[in-house]
Amino acid sequence: MDTFLFIVCAIVSVGCAVNLVLQKHPISSALSLIGVMGSLAVLYLLLGAEFIAMAQMIVYGGAVMVLFIFVIMLLNAGTEKTSAKSWFAQIAGFPLLSAFVALLAFLIKVVLPPLHPVEFGSWVGGTAEAIGMLLFTKYLLPFEVTSVLILIAIIGAVVLARKEID
Amino acid sequence: MGHIPLSWYLILSAILFGTGIAGFVYRKSVITVFMSIELMLNAVNLSFVAFSYQLQRIDGHIYSFFVMVVAAAEAAVGLAIILTIFKNRGTLQIDEVDSMKL
Amino acid sequence: MNLWLIPFFPFAGFVLNGLLGKRLSKTFVSLIAIGSVAASFAFVLALLGKVYPLNVPFSDHYFTWIQSGSLSIGCDFVVDRLTAVMLLVITGVGLLIHIYSIGYMAHEEGYSRFFTFMNLFMFFMLVLVLAANLLLMFVGWEGVGLCSYLLISFYFKEKFAADAGNKAFIVNRVGDFGFSLGIFLTVILFGTLDFGHISSTVAGMPVETSAHMVTAITLLLFAGAIGKSAQFPLYVWLPDAMAGPTPVSALIHAATMVTAGVYMVARLSFLYDHAPMAMHVVALVGLFTAIFAASIGLVQNDIKKVFAYSTVSQLGYMFLGLGVGAYSAGIFHLMTHAFFKALLFLGAGSVIHGLAGEQDLRHMGGLRRAMPITFITLGIASLAISGFPGFSGFFSKDAILSAVYERSPWMFWVGAFTAGLTAFYVFRAFFLAFFGKYRGHHHPHESPLVMTVPLSVLALLSLVGGFLSVPTWLSGVYPLGEERTFPMVVSALCGILGICIAGWFYVIRPSMAESMKASAGPVYTLLENKYYVDELYAETIVKPVIGVSRSLLWRGVDEGFIDTGLVTGIARVVRGWGSLFRQWQSGSIRNYATWILAGSLLVIFVLGLFGGAR
Amino acid sequence: MNFFIVSLIKIAIVFAVFMTTLAYLQWVERKVLAHIQSRTGPLRVGPHGLLQPLADVFKLLTKEDLLPPYVNRFFYLLAPFLAVSLALVSISIIPFGPEVNFFGTRTFMQISDLRVGILFVLALSAVSVYGIALAGWSSNNKYSLLGGLRSSAQMISYELPLTLAIVSPLLLANHLSFREIATSQAGYYLGFIPRWNIFQMPFPQIFAFIIFMIAGFAETNRLPFDLAEAENELVAGFHTEYSSMKFACFFMAEYANMVTITCVATLLFLGGWHPLFPAPYSNWVPSAIALLAAIVFFLQLRDPARKRDRFTFPVFALVALVAAVLFAIPFLQTYLVPLFWFCSKAGLLLFTYIWVRGTLPRFRYDQLMHFAWTFLFPCALLNLLATAFCVAVF
């Protein structure tokens, strides 16, 4: 059951990710990204991170991606044009990318120490209670700083978006 | 039934991250590029959670939580910037936003 | 005992007038200016009354100004008998001239500016005189130079005034360059700049061993004096300096600042005593300047120019006295000269004021009825400068000539001849102005009381100044010269002869002057053009300097090397490389991302395969 | 294997009941609105229009499935699917009653219990924006687009006060699971005041409840916040271009969301299935009410308004009598009484929905946003602060 779920979610997430890159229209890409996020949330659940899974759906799926869709709809972003610029990226991008992924896979397979096999429910550390405890004790300062960061981001976004630029 | 090697999760994360890079490098719409960045962040989050499982500690969850929060803030500001770019340039093509070059 | 208060009063006046002068009424401005100088004068009087015998110098230390290694330069003031004379002259004459200025400047633009600068000048001059070391003296020295520049260019809207200011400033730089070199050499040789220390050190030195260094020092310092006191060959700025207002000419360019060189040499007499050759040079320069300037003065038509050349000539006299070792005589002449030369200038100023700015002698004449007080006071001054027996100039000039006669008779004869010339040209101007028929166009009138009172006081001083025997007062500092009858009689006779000839030429037989002029022909032309010294300088120094600056330094070094070679050259090289590297900075975000990808690939490769991950 | 079978049975029951509820909710709404407006409402199909929902389903199913040529087909078809499936999923974690022993198998009256149930509901409500937004965008119609934009902005805005209002009962219950939250509200103060969250300190929690309900109205795009489909401005908003079954999907989604919100409100604030009175009395309340209904029907029989009432009223009275008897059987009471209490509370809230729709006018869009950000959000924050203070102190 675990394996089945993992494989399904992995295929969905990779498929959606590839679709994100291949789709010409931003809104298709955005929906693909939501798909990735949803399947990742399931994977988080498999890994025993239920709070993160829900936060993934609420924050990413519910807030961030809605913003994206909103902006796409607002700007009526069309399909993109082909461009002759950035020749370096066009040429060197794919070889570098394959090398990168291959290197990462090699490192994961070869270099990393032996890893636990994942069994659903064998370790559930990511409850809301545990995360809350850690967040408000050990990570209290980062947490507060992050809240200030969000405040700044709100103000920045408001200023940027409402500014009248000639 | 049952046991999946943790390395699968990590490799999935690597693949997703690579896909994100591909989106960043090959896509030309600012919004799609931005979404590719989000995809990369998601891939990294998966790694965090996977390593958290390996170490049986939830610090990794905290990290991915912070990543999400920062990503939300970043999305707000980033989309505002995209909005401003569109207002000023009338384009969303990333290659046409190059006026810093002489 | 609060010596600092002496220069402080004028400084306070300077600050007040400088900052607020434009807002204050003229009355208030003059009140501040004169009050400050008067306070200073009163303070000097009170001080001297308190420390009257002044057998030992009286000094104040305020703070250490420069401390570098073993060299320590403090802000010290010192008062000895020499300083006392100078203080009295400066504050006293200065006060009179300030009072006079109220009347003279009454209708001028920049009233408060004038008094601001005057007060600043008083401050610096007092610092110069009070300074107990060379560097502080140099501060005052440069300060008065600055004020001189500012006041010469007082009518800065006129080109000739601005040019004259520049000329004074630039010519003085030549001398000051020597002066500063002299200071450096002093530091090297003595390790101190304090007069007291130098004096005691040099006293212990045998004349032979230190001769070269001390000679060098004294000659370099004398170069400064040449500039400041307008000696040949740097005298050229002083006649032009008459472009400034007449009180300035009286105060700065006759009575005080130009005598700073004389004061400096007298102050450093202990050094000059150890450098006989330098003394000889001082005497020769002084003598030559005296006769040279007097000869030019013979034919000048501008009343202020006449007195300016006379100043140069009289300063030459002073240096002549210093050069033969008669320091007290030099200072004596300095004092009397301050009285009668200030009077001459103020009288000339009164005439000019009465004639609404007319300065040319050829347009004056017969003014004795129109301005009787000016006539009388100016007459007293002329008699004083001519060395007429009984007047102040007679005593001081006699003191110098006696000393010169003792040292070298030929110098005496030249000096005596110069005295005759002096008497002649001064009375020429005097007769041209006050006798004969009026040749001008304006309606002459007597000056106001505020101008005539200082004239009268100065006339009194010119009359009796000679009886204030400065050499006796200074006998503790400088050896007292021997009075001789023969030089006294000769110089007096020369002076009287000069007056008589002038009277003959310009009062009794006015046509004689014209015929003399015609018969002298080329000599007259030479004199009228001041020996073409200015033209000579222009040709030999100014033009080459400008030419070299323009062709070599400007076109060659600045434009060719620095601009084209260094500035644009470097820019071109940078731009060249930049255009190469610019390909990298394509402005394309996707390219940048690719570079980041390549970089992270490298980092992961290195870290993963060779680094910490293993 | 037992788990799967029980789960399947529960799913089947819940699905059937839920779908029927959705269908009849619409009938109830029409009836209530009609009576508010002094009309009779559906009357023709079946007695008192009771078969009207069935007729509607047939009508929608058999209508032509129109696909406009200018739409973005994929997203056009995806949007209603997304909307309805996301709306239906949330019912799966709503508990309707306590743990019961059902023929030797102990199970919860709930499809599945999630430790982070509330977060799950929030996640679903967050994601359900896409259905509307996509529908508006893919229709390629400016009214649709405006409706979609409006409703997504509205839903994002009201999600904040909604979440903040939820947090205060969470603070009191100290749990994220619906079951635990409901269980923590069992018992009575002084023997007669139920320990429901709405009666807890501070204020009591009535403010949180009101904020939650207002935000819930906005989240479900119901009046007075139905800006997305303001027909006099936007024709019909995001579903202008939809017809037949696809339109029915949106319709169902809306009602499903209503049900979810009321269920959540019941669980969070109104003590879930816990009765209003202590057990000995409350067990007989349903029977008493059913009996009262039967009596009312019999009395009505004496003077029927319409002809067929002579036939229908006895039937209704009989049904009520049977219900009263069923509720009175002690063996069934353990199952039915909690269900009764839960359903009556949720039903009361649903009635409020309809009541509000029948009485309040629509907001203007700027008023809507203004209200959310400058009034509701600060109020929710203040309430949260007060609650946190009380929790920390007591």
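The chains carry the letters A, B, C and D, assigned in the order they are written, with residues numbered from 1 in each.
By definition in this document, a contact is a pair of C-beta atoms (placed from the backbone, for glycine too) under 8 Å apart; a residue touches a chain by one contact, two chains touch by 3 or more.
Quick caveat: nothing in here was measured; it's all calculated off a predicted structure.
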Original post:
Centre of all protein Cα atoms: which chain's centre is nearest to it?
Top reply: B
Original post:
Using CA atom averages as chain centres, what separation in Å is found between subunit A and subunit B?
Top reply: 5
Subject >> subunit A-subunit D separation of Cα centroids, rounded to whole Å >> reply: 33
Subject >> subunit B-subunit C separation of Cα centroids, rounded to whole Å >> reply: 81
**OP:** Return the distance between the CA-based centres of subunit A and subunit C, expressed in whole Å.
**Re:** 86
Original post:
What are the residue numbers in subunit C that touch two or more other chains?
Top reply: 586, 588, 590, 593-594, 597
Original post:
At which residue positions does subunit B touch at least two other chains?
Top reply: 21, 25-26, 28, 95, 98
Subject >> Residue list for subunit A, restricted to those that touch at least two other chains >> reply: 51, 55, 63, 74, 85-86, 89, 93, 97, 100, 104, 112
Original post:
All pairs of touching chains?
Top reply: A-B, A-C, A-D, B-C
Subject >> Residues of subunit D touching subunit A in the complex >> reply: 75, 78, 115-116, 119-120, 122-127, 129-130, 133-134, 136-137, 145, 148-149, 152-153, 156, 159, 176
Original post:
Quick one: in the complex, what on subunit B touches subunit C?
Top reply: 21, 24-26, 28, 33, 94-95, 97-102
Original post:
Once bound in the complex, which stretches of subunit B touch subunit A?
Top reply: 1-12, 14-23, 25-29, 31-32, 34-36, 38-39, 42, 45-46, 49-50, 52-54, 56-59, 61-62, 64-66, 68-77, 79-84, 86-88, 92-93, 95-96, 98
**OP:** Show which residues of subunit A lie in contact with subunit C when the two form their complex.
**Re:** 85-86, 88-89, 92-93, 96-97, 99-100, 103-104, 107, 111-112
Subject >> Partner subunit A, residues of subunit C touching it in the complex >> reply: 586, 588, 590-591, 593-595, 597-598, 600-601, 604-605, 608, 613-614
